[in-house]
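Read the structure below first, then the notes.
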Amino acid sequence: MTKIGRRQIYFFLACIAPVGKLVFLPAQLADVAKNDLLFPAAMQYLIQTAAVFCVLLLAKRGMNFFELLANTFGKIAARVLITVYAAFLFFAALLPLLEQKLFVQSVFYDTLPSLVAFAPFFLFTAYLCSKPLASYGRTWDILGPLAIVGFAGILAFSFGSADFAALLPVGAVGFGGIWKSAVSAFSWFFDAALLLPLLGKFDYEKGMAWKGALFYLAGGAAVLLFLAVFYGIFQETAVNQLFAFSTTSKYFSGITMLGRIDYIFIFTLGLVMAFYVTLPLQGGIECLLLAYGRKKYLPTALGVAVSAAFLTTVLLLDYRFGDVLKAITGAAAWIFPVFASALPALMLLLRRERRETA
Amino acid sequence: MKNITGSLKESTDALKKLLPAEDILTFSFSSAEGLAFTVVFADAITNKEVLGDQVIRPLMHYEGKPAAEEIGKCIVSPELRTEKELEKLSREVLAGNPVLLWEGMDEAVIVGTKLVFVRAISEPSTDVAVKGPREGFIEDVKINTSLVRRRLKTGELRIEMIEVGRRSKTVVALCYLDGTSVKRNVEEIKRKLNKIDIDIVPDSSYLTHFLASRPYSLVKQVGTTEKPDIFCAKIAEGRVGLIVDGSPIALTAPYLLIEDFQSSEDYFVPPYRATFTRLLRLFALLVAIYLPAFYVAAQLFKLQLFPIKLLLTISGSIRDIPFSPSLEMLLVLLVLEVLNEASIRMPKYVGMALSVVGALVLGETAVSAGFVSTPAIIIIAFSGIGLYAVPNLIEQTSVLRLVMLLVAGSVGTYGIILVTAFVILYLVTTENMGVPLIAPFSPMVGRDLRDSLVKYNLGSLQKRPGTLKSPNKRRLR
Amino acid sequence: MKLRKFIQTIPMKIYVLLLAIVLFAFFSNDFGLVDIQKTAIILAAGIDKTENGFSLTAQIAVPKGSDRTTGGTSSVEIEAEGETVSDCISLIFSKTGWVPKLVFCDLIVLGEDAVKEDVIAYLNYFLRNEYMPDSCLLAVCEGKANELIASKSAIDDASSLAIEKLFSDAAVKSGKVVTNTLKDFAIGYYGVSGSGYLPFIRMTDQQGEQSDSSSGGGSGGSGGGDGGEMQKIYSAEETAIFQNGKMVGLLPREQTLAFSLLQGNVFTGTFNAEEDGKPVTLTVVRNKGGVSLNVKEAPMAELSLEVTVRLCCRGITAPIEDIASDRISGEIAASAKAALDGYVEGLWRTCKESGCDLFNLNRMLYRSSLKKYSVWKDSLLRSAKAKIETNVKSMK
């Protein structure tokens, strides 16, 4: 279990990565872009697809993330850079984690539970982080089909309730509004950054970059379809629907008879999401391991330490989510395109030939 | 290692010293020419009648030299061996094969007159098939290997006997198809078996611990079966089989979790029916594990999981129950487990009475008395039935069900999701002999999915499971 | 060596610790969460305006217990007054000790006084509450919502369940009633049209019937069962129309039918025409309806309606051959067309007079042309004229 299969990478790009965009993002997009919410999302997807393409091209060189950097800048500089990158991934993990916490509180409980109810999630992250990163490939084989089932179920239940005319008129908020919305959405688009620590753990095949980009776009198309359904259902009140994928299916007429059977699909996507939100954490830990060596108990120790740190952070930020969201989607939003889009593209400029000393 | 000497007395005494037990008997006699013989044998496990007819009576008329080769010709037995080492001779005596010693010998003769008490071959109670073969393994390794040999009449079938257990010296038959099984797997199993240093091996289950890569694993890592047809089918797919003397349960490795969702009958019924029953088994298993947990979590944390009318019915039923929903469910579950355990262990006639007591007294009366609610009984009954849809996984699923229930009662629905995530992660990272436990789902092996939860027509299953990496890929031409 | 052994046993120690934590949590069973036995399952809420703020009456389902021999749902009504809806909910908690849960609240009824002001002031609590299903039905009632919720229904154990029957799919298809949910009302309110509609419930006494004191919810709160209280029946054939959250008009039953027909929702609904001065009832077996907006020079709303009908009942004696036929004569068709024209005209007039953009003309214009919308947005309804086209076909 040392390598991730190519199919598993495609599963991640097409099925797992979109799940992270189905909670807060739709409401966030609708807040500024309103009925034009598809455009900022599409813009983000195009940018991120290009970044995914670049990362998969980097895989052609057969080097891992650290080796790529060390090959050009030397080991010490590579260590510094990769540590900064790990810090970015930990930072990127904050929003999905807080999102996950609020989602859990809202969807899995009838009344606001105490914080303790969410704490076991960090046991899971600690356990997950202690596993080799390549094990993710295996989980994607299971989670990919689950995500498809969950997503298709929710969409099937929601489709009939949507009024797609609500997406008109096109361009109501103007380019300025669309751009502003796109900027606020940067924080949700860092999938290419999640792939970087996986470099060297999967083998490149001919055309993989194109295939990967297409799979990522296919996932993006599914997200855009969901956004259209979401706005078609909630229209002007979309901004109030914070946990998007758990809200659209409840208007299905069969629910009156059978109860909330849509929860089967919501919980399924919730399960997939639990894995997705830990990816940045595990990516960050992998970066540190690449830079400083993989000693026997180090992954476990780091997993426990990082999970404990995030548990504390989530507890501290519990009542400041609004501020955190404002900061991450505001001034700090620019960190994301730098690390998740520009950096993979710039890395293509790194030395191609393997240096003896690297 | 001490060897026998030419002196009959010395050798007999040495052997008796090694086997001082009272049931180790000696019988001395002389030939017509006055050559002294002694037979050392274990009482009760040696066929004395055959010993007398085939060994002692012919030798009483023996007139040749005191050489093993000559003496062997006089004995009327198809199973003869010679041996010098006292240690090995003593082992044979303990296995039920008498040892023949005589004055001036250079080697002793071992005669295969073991007395074997075996039960008749019958249908195993844990793996009943409506259609298909009904034979089951019994406790004798030789008969079991003969059942295998009868189904695989090929020289490629290799059966290697390995002794395991310092004291029990249990014979383990390692069965595989040469050229179909992965050599590395055969060697690894041999290595693991030879490494085992244990006192006794009373049953094949003892070996599973030593063959597993994760000995403390919740999920099993070695396949089990009581049916020779299944055993042969697994060997034919490229697995390695182990038949342990004294155990009717044979082992196969590498093991895939999906094996336990497949029944031999699936191959004797139309594929759509087989697919349906396999999916049904999975559904039953999921219901068995999750239903009590979700029922409790819904009552405690997420009422919306019930439709309103069902909620009001449940709410009415539990109104006067003195326990919290989680404690109530735990109690009912524990009662079910106790009943289950007791009814298996008890003599059959008491078991019947126990069923009545369990169903009527504990069930109905407990509801009428207001100790537990009717829905809780229904939920546990449904879960209990579901558990038996996949009988080979009962140990694992009942533990998982309990864990799910405890987590549901403490953290709620999200706890169930998290434990599920843990289980998924655990399963995908478990391998044995380099074969992932939950293949062909993870890693996904497209071709193998044709005989997983879905069953294709036999004509579509031309190749052996790719997961097992058999060197002989094609099974259907 | 010792350290290695210690490290090797860490996973087992962690498992034991986790088990201990889970068992502790399981048996203590308290994260401040509210289980089924501590919960007040609110089936419906009635909101009224009072001098000091709001009055909220919650109809709470009461389980009948395990020994029950009959079906149905018992309920109890609790009333609470406060400055906000949230105050009222808290008061219900303190009055009963049950934690009110709105997850099963399927009906919110607003009292007549309440809808004179912007109702979002009443509803925003429910819109904000993530545990409240915004798919719940919303309605206005004659008089006080408190009285409606606390009344004894003649047809069901709980008034809310009887009222919900009025809003069944079959009732909506009959065209006699229109329904709206909290979500859709909010969409209308926050949309560019700012309009909305809600069914208007009237409650009347069931003649000759009196409830016995044991039926329904029992005691407590304002809705306790007094012996001899008259049982009620409910109707919702009228429709309250809203602009910017305030009720601005009431559609009578004919206009409610016209509104349903224009939405194309009606199947097996009936209406009356005339034949030789005597009433004839027609059943709608097919209905196409639509409202479109044409803004070339002046805005023109095109209200088109096409119904295929069959004869349901004639007020004259007829031979058996006539009864066997579903077809309508040209005279009946003309009368039906005139009747429907009248209903639709009346509906349009009511909307114009009240200023309610019931047909979402502003939204249509906004979606089709931002430019024209910016020109007409403040005067569209005032300036718009209606072109009404009705077509009545006989079932062949």
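By letter and in written order, the chains are A, B and C; residue numbering begins at 1 in each of them.
Note that a contact is a pair of C-beta atoms (placed from the backbone, for glycine too) under 8 Å apart; a residue touches a chain by one contact, two chains touch by 3 or more.
All values reported here derive from a predicted model rather than from experimental measurement.
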Comparison of A-B and A-C (more C-beta pairs in contact): A-B
Greatest separation from subunit A - chain, by CA centre: B
Between subunit C and subunit B, distance of the C-alpha-averaged centres to the nearest whole Å: 63
Approximate Å spacing (C-alpha centroids) for the pair subunit A, subunit C: 39
Subunit A-subunit B separation of Cα centroids, rounded to whole Å: 45
Residues within subunit B bordering two or more other chains: 301, 303-304, 308, 411-412
Subunit C, residues touching no fewer than two other chains: 25, 31, 33, 39, 101, 103
Junction residues of subunit A - those touching two or more other chains: 109-110, 113, 117, 123
Contact set on subunit C toward subunit A in their complex: 7, 18, 25, 31-34, 39, 99, 101, 103, 127-128, 130-131, 133, 135, 169, 181, 183, 186-187, 190-191, 366-370
Subunit A - residues contacting subunit C, complex: 106, 109-111, 113-114, 116-117, 123, 165-166, 168-169, 171-172, 234-237, 240, 242-243, 250-251, 253, 297
Subunit B-facing residues of subunit A, complex: 1, 5, 7-8, 104, 108-110, 113, 117-118, 120-121, 123-124, 127-128, 131, 135, 137-139, 141-143, 257-260, 263, 267, 270-271, 274-275
Residue numbers on subunit C that touch subunit B, as the complex places them: 22-23, 25-27, 29, 31, 33, 35-37, 39, 41, 43, 61, 63-66, 68, 73, 101, 103-104, 106
Contact set on subunit B toward subunit A in their complex: 301-308, 310, 411-415, 417-418, 420-422, 424-425, 428-429, 431, 436, 438, 441-444
